[in-house]
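Please go over the structures that come below.
Two complexes follow with chain A in common, the first pairing it with chain B and the second with chain C.
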Partner chain A sequence: MGNFFSSMFDRLWGVNKELRMLILGLDGAGKTTILYRLQIGEVVTTKPTIGFNVETLTYKNLKLNVWDLGGQTSIRPYWRCYYADTAAVIFVVDSTDRDRMSTASKELHLMLQEEELQDAALLVFANKQDQPGALSASEVSKELNLVELKDRNWSIVASSAIKGEGITEGLDWLIDVIKEEQL
Partner chain B sequence: MSTHTYKKFENAESGELPDRMTIYQDCMSEFNESPINSKRCRLLISRLLRLLAQGETFPESEATALFFSISKLFQHQNDSLRQAVYLAIKELSGISQDVLMATSSIMKDIQNGSELVKPNAIRSLTAVLDESTAFSAERLLKSALVSRHPSISSAALCTSYNLLPIAEVTVKRFANETQEAVVDLKSFPHKNLVGEYYPNSTFITQYHALGLLYQLKKNDKMALLKMVRQFSNNNTLKNQLAKIELVKLVNELINKDSQLFVDFQSLLMEWLSNKHESVQLETAKLITNFATHNSRLISSELFASAVTTLQSLLTVPRVSAKFAALRILNRISMISPEKIVVCNPELESLINDPNRNISTYAITTLLKTGTAKNITSLISTITKFIHDVSDDFKIIIIDAVRTLSLNFPNEWKTILNFLIDVLKNGEGGFKFKNNIVEALIDMVTFVPQAKEMALENLCDFIEDCEFNEILARILHLLGKEGPSTSNPSLYVRHIYNRVVLENAIIRSAAVVSLSKFALTKNDPSLSDSIISLLRRIANDKDDEVRDRATIALKFIESAKKDTSSEAQTLLQSNYSFDFNALESKLNTYISSNTDSFKTPFDVTSIRKLTEGDIKALDLKRKQDKFTKGEFETSVESTPGMIDDNLISKRADSSFAGPSAHDHQQDLLATKYAEDLMSIEQIKEFGPLVNSSQIVALTESEAEFVVRGVKHLFANNVVFQFNITNTLTDTALDNVTVTCTPEVEPSELEELFTIPIDRLLPSAEAACYVAFKKTEDMVMESFLTNLMFTTKEVNPETNEPFEGDEGFQDEYDIDSIFLNAGDYIKSSFVGDFTKAFDELPNEEVAVYNIKENISLQELVDRLVVNTSCLPLENTQYAPSDSNSHTVKLFGQSASKGTKIALIVKLIKTSKGIAIKAQGRAEDATLCADLVNGLM
Partner chain C sequence: MPPLDKRIKKFIKNSLRVAPRVSNKGELAELRAALVSQYPQTRKDAIKKTIQQMTLSKDVSSLFPDVLKNIATNDVEQKKLVYLYVMNYAETHPELCILAVNTFVTDAQDPNPLIRCMSIRTMSMIRVDKILEYVETPLRRTLQDDNAYVRKTAVICVAKLFQLNKELCIELGVLEDLVSALDDANPMVVANATAALTEINAMDSSVVNLAELINSHVSQFLLALNECTEWARITILGALAEYNARDSLEAQDIIDRVSAHLQHVNPAVVLATIQVVIKNYSRTEQQNPKAFMNRLSSALVSIMSTPPEMQYVALRNIRIILEKYPEVLTKELRIFYVKFNDPLYIKIEKIDILVRLIDSTNFKQCNMLLVELKEYAMEFEPEFVSRAIQGLAQLGIKYSEEKFVAKTLDVLLELLEGHENLKDDCCVAVCDLLRHSVGNDTMANNVCSVLNSWSSVESTLTSDAAKCNYIWLMGQYPDKFTSLESKLEAFVQEFPQEEPLTQTSILMTVVRLHSKLSGNILQNVLELATNSIHELDVRDMAILYWRCLSVSDSEKLIEELCSSVSPRIENTLDQFSADVLEKLLTELSTISSILFKPKSDRNTSYVQRQYVVRGKQMDELKDIAKTEIAKTMNDDVLLDFDDDDDESNPQISGNNNALDDLDELFDFGSVPSNSANVDQGMKNLNIQTQPAKKTSNTQDLLDLF
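And now, the complex of A and B:
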């Protein structure tokens, strides 16, 4: 009986449920660094992800199942294989890489058109703010054409995965949105 | 899931496979679940793996979908699930696309995973890596290679081994770590867990490391020698398989350079008494194999101790060791049975071994070591025994008996009686009966004394035979051999019985066979009876039978009117076509059909073989089979990857019919002849009389590999030089071969040379040099030189750079000899001594060979030089005697006159003395051949 109640409460508060999140973005944007910053709170040395990394972490009593998919051109076509049941997408942009902003924008909008991601919230990290010459969050937002997005909860946060700035802020927003939507 | 379906799917014993679609859908839904139920997923994967292991397969799209859903299981940290996932990835990598996606996750496990999953993770890397991604795994693999944990190290070694063909550059950098792994004795870290009973390591890493190290260094002879030296002393290697690998390595080294053998003698001697039986076996195999080709280099003590080792292995209780030793002895028995006569007591005691494999091998070996004296008693032993064994063993025994019949033609009576007994009384399937019939056919063809008796018994056999194929073969044989026997009418009765009693297939075969008796010279009265029989058959209800009877009647009629008519040759054909050539010609004819087959197929260009030719070819194939048997083992003992070509050669080693290798050779010869005849200038020379075998004129690893073929025409000679350019960045222009006669003035007049315009890197092409000769036999040797202009090749276009003038260059190749053998084709005769005595012209010559070569090598050279067929099993020189006699038989390629040679060889301390005695129909040919032997 006690078990029954506890599981009912769990369901109510969404404790037992794992939330699926994807971290996407072009290669070298800092996705893997963000993932491990979230999991172990440290900066790890990474090399280009061939395939994906997946980690489970607990954040504010929520179990998050975070998938970091490689961003190389050859791997991008496989992103779609992991879209199902996704609660949120974190899109990471290298703010210093002005040349490839348009590519990033194209990939982002292409991804958001997918049926399976219609209900997913979108958080954009304008990453690498510690670097000189980085575009600000609003500039990145403009480059990515984020204003065009309708019917979607989205936000853009300036971040630096190396220094650990902006990451928690972004995630807090995301969790709030998801909780609001699901409860 | 109800109990019913549960039983149906999960009971491994039931042998019933789960349904493919059910598994697919279960997997797709279960693996995409969140959170994952690891136990259920593991179970599902095991069912999926069972399906795949049973040979079920998925279409690519489904396999890819499966792969991606399985990759989602990486989110779960359960080790057992992870192991299952790795197995699934490995299996699916073959049929699914995009396995690359698992790379990062696997590499993470290799870095941070538990010791339980690490080996599996490393092994699955083989399936997902390609050349570029292998580079990123380099550091991981390197650290795994030197891991203290034997399973991890082994896994890394195996993965590197398998990656070698994919990412050679990366794996080549592992040499040091691999070297370390060979000497490092790794044991499992948790000693107390394993308990006393189990050893705490098998040191299998040493085996894996040695395998990889060999692959890395296989082209460096010095490094390999160093490896053997380093690893052979003081128990460096603890693992049994690793030791065997080392023996195989020595085998490889001495096969490449037989001079090295001397250095290994003491080592091999030591290995022969190694505590592991498998090492003893492998060493004995190496020694005995090597001895067949290089008996001169091997000391008789070493060979004797190898045989002693094998002999003692025959008495051990372990079946596998016994069997392996027997197999090796059996192989030796094919070439030099006298060497293993000492083992006969042990072999005889094995005849009644409860294991049938062993008893069969023991018998066949005994049959080969058998001498003319004990054949009778052996045969009587087998007779008691053969009805109790399975078909496979019966076939092996029959094969052995068949070899016996060829080797001891004088014992034909005993052998024939045995064969007839098993044919009539033995129970067995088609293969078995077919083998006996084949053995009998062999006896009819090669042992003339046995012919009539064998034929009569075959007649009895067809009265009650259930196999159409065998019946048809026997009918054909009766038709071929029957008319020339003393009492042909006997066979006619038997054949006609078939027409009355059997089905249409047999009836038509019988009609053809009958028609051949119509023109027999032994019994002219038969002709009328045959005609009346055929008339009756012409009313048969089957149209094929009717057709054949009618056409046979027509032939007989016209042949009777005019004995030289075409009908005569059609009825009693004394030649057949070269089937390989015929097949390839017909194929081209059909595929290049331009005018809806209005031009008839031209058979004149296909080589015709007379009966003698066919017999000679047949016998040669049978003799070659032994040498090829050795070849197989040398392939099998080379460590590492075997190329496809060799596998295909090994695949076909059945007694009957040509093997794939022969077939290729024949096709090559046909192709050369076709190429040659398509050249206008050469067409004018008339029909091709004879082509020699291909002779190598350079080392096979030279910059330019040149092989020569000598083509003979009535009044011309053409040398064909096949040149392969092995350089990677240089093209050769205007390639010619200059031939300078060694002795001036030459009897040959050079007509023209057809050069190769351009020979690109790694291409092969032929250059021809043509000469005019008199009608007589001309023998000469030529100094040859390769002339060409080298040009550097542009790697992008694969053409030489424009405007590159190139350098004139030349390259020395071996001389080419035109010798008497080139005018001779090998031929078969049943009774050599009689044939020899009948030939009119005799010539004798004596030689003394100063070179230090064995009798066997000399015999081989004689066979090649004379192009004759060695008869009466004289192609093997006994290794324990200093003298040998070779009997050779052949015929002139142009005129078809017979020639027979008896060559006596005596080995003394000063060299080998040869006395060649030749007899031929053609006196000049005889003199030339006998005087030009060497």
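And now, the complex of A and C:
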């Protein structure tokens, strides 16, 4: 009985509850830019993130707690501190950076092996599509071996944080998935 | 009880709340779960509870990563709490601190000046070198901030950074910013910059030329002085006190500008002002010393109406000032009269000041004080009474007129008759008076007739000084004592147990009177003094006398030696040497003025507390400590072979504690007692009990600094 009421309250006062989302990726992929694109809809000048940024944004009646973690090699080991209770992971890839595609792939698969992220949905942004020489979404998908992922909701979207293309599409997909799972 | 509307609001808020509550138990697992809760309200509660546990000195350092997640928030209150936590526990997780850097840097550009200020303040307080690497941008930005509140914090942060990492601080060039902050339009910034520069100068005088900076900024200081808070004022006045005025005109100008602060409510400001005024006064052409003295004395009177602890500081400082300007305060004698509820330490200082204050040409005043002191001597606190009696003797000698001395003596003798327990102090006091009025036979007669009547003096008098004086008196006026020999004999019997002063006195008196005494006393004393006394002075003196007695015309020699008249004593108040006095006057209102020891005489090697956690260095130290402890553990095994299996485990965990402590200790290698402690700790076989003790020691030492 108590459970019933509390869950009802949860829906009633659902605004109080926040969904955790992580934005990860190698350094310079555009994570912070994407975060602030989502938050204020503008392009901000960023510096390498030493540590993290966190913003709370309301999207389609959901309160999202979006964490953008720094991508430097020195900070990557601390990503694991943030895995708990995460509903979704947004993995950002610099589509022009062909040399480090394998590193990105390695980090991605390493991360997805974590117990705490078993239920998290994955959205990959093939970012920087505005730049010449950028790999297309399918090429990036191949480089990252995304097909190998089983038992996971995932999607890849070509995006440009600077121009604001693809970001909302990607997020829409993610929200739909989360809503299905959580509610 | 908060007002009704607030209570209703609280009630509604609580009844509508969905976010799970955090219990008051403070279990780590519960707190950890709540810190990463999906509900912001729960998270905030959890942070509050965590801080609560922290203030109860429970170790909540294991929550560090989870608390850190909450650092980025728009809620100022929550931010403040998280900052507090980070400050406290940064050293336990030096590597994780890096995760906070981004927030610090972002917060340093926050539109809210409070947050900008908080961020730079916290950042400079984290003793982790990885954090310090990133301090440059926010520090530079805040140093140039539009808001004075942020700037004044940033200038202090430069000093903190300097303490933590001198090289970095110099490399970043923020010291130049600090120097230019002296020209800031805001007086608070100027004051804090001054304070920061003074600190830096104390840590390493080679980096900034403080004296020159002060010289070139005197006008700024004088301008800022009137517009800043009291503590900033103290800093600025401190800097002004370092400044040497170019000529008498400038000195007069400085005096005029600062003297308004002589009336400040904060005694520290008053003392700092007095320091500046006194320093410059000696440089002015003294046209109106009386007005100056009036101003000075009213300032000093004002700081006497403070709580006892501050009064004590005031009294100690007044004592120094009086020595330079004895004429100040002469009219204010009354405020130094002891009140019945003064603490003992104040009472004693007051008597000292009273005797110093007295104008030795003013009979009425002296007489008043005599009566007052007599009252004090009839109180019950032994230390106070004995100081009062000493004061009486000092007063008598200071006024120096024969009749007055005689009167003082009468007072003392009167006291003696009524009170058994004052014998020690009175004995010393009357002998002082007799030494002052040499050749006054009636006084000597009076004294001796009273003192002669005492029986078994050697046990009634307890203090060394009193015994010494009594024996001196017997030697000085042997005719006025009856049964001299038996009295002396009683002292001689106690000879080996007496303290050096009494021993010397006995020895001298016996030699002096040897013709009047039977031979064996002399023989006895000399033998005792040469054989069974370890005090070199006494022994040498005895040997010397022995040699004198054994030469052919010993009688004449001894006569000559003993009949020399000791010089009349003129003053029993102790004085500073001129050199010390000058130094003390420049260090008024500092600890030196309370100890009466100038800074240069005290051993104050500035203990630079610099312990930034440096990953590698720490590991090295740990290794060293580990091998040391392993060694001692082997020794340990030799001793308790019975239960070493059971003990090995707890001992390892104990060692970890010990290691942390050792790390701390190593970083403070400059404190000698600490390093001794480490050695001791290393050698100590029982490592398990040691850590707790050591931590408290270190902690105590840390607290001191």
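Methods note: the second predicted complex is superposed on the first by the 169 of 183 C-alpha atoms of A that agree within 3 Å, B and C clash if a C-alpha of one lies under 4 Å from a C-alpha of the other, contacts with A are read in each partner's own complex, and residues count from 1 in each chain.
Please note the rule applied: contacts are C-beta pairs under 8 Å (C-beta built on N, C-alpha and C of every residue); 3 or more make two chains touch, one makes a residue touch a chain.
Since the model is a prediction, treat every value here as computed from it, not as a measurement.
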Tell me which partner A:Asp119 touches in the superposition: chain B (first), chain C (second), both or neither. neither
So, A:Asp176: does it touch chain B (first), chain C (second), both, or neither? neither
Taking the superposition as given, does A:Glu18 touch the first partner, chain B, the second, chain C, both, or neither? both
Both chain B and chain C touch chain A at residues 16-18, 20, 47, 49-54, 56, 65, 70, 74-75, 78, 81-82, 84-85
Give the list of chain A residues in touch with chain C in this complex. 6, 9-10, 13, 16-20, 47, 49-54, 56, 65, 70, 74-75, 78, 81-82, 84-85
Touching residues of chain A toward chain B in the complex: what are they? 16-18, 20, 47-56, 65, 67, 70, 74-75, 78, 81-82, 84-85
Please give the residue numbers of chain C that touch chain A in the complex, ascending. 16, 18-19, 36, 38-41, 65, 69, 72, 96, 98-103, 105-106, 134
Within their complex, state which residues of chain B touch chain A. 32, 34-35, 68, 71-72, 74-75, 77, 98, 100-105, 107-108, 133, 136
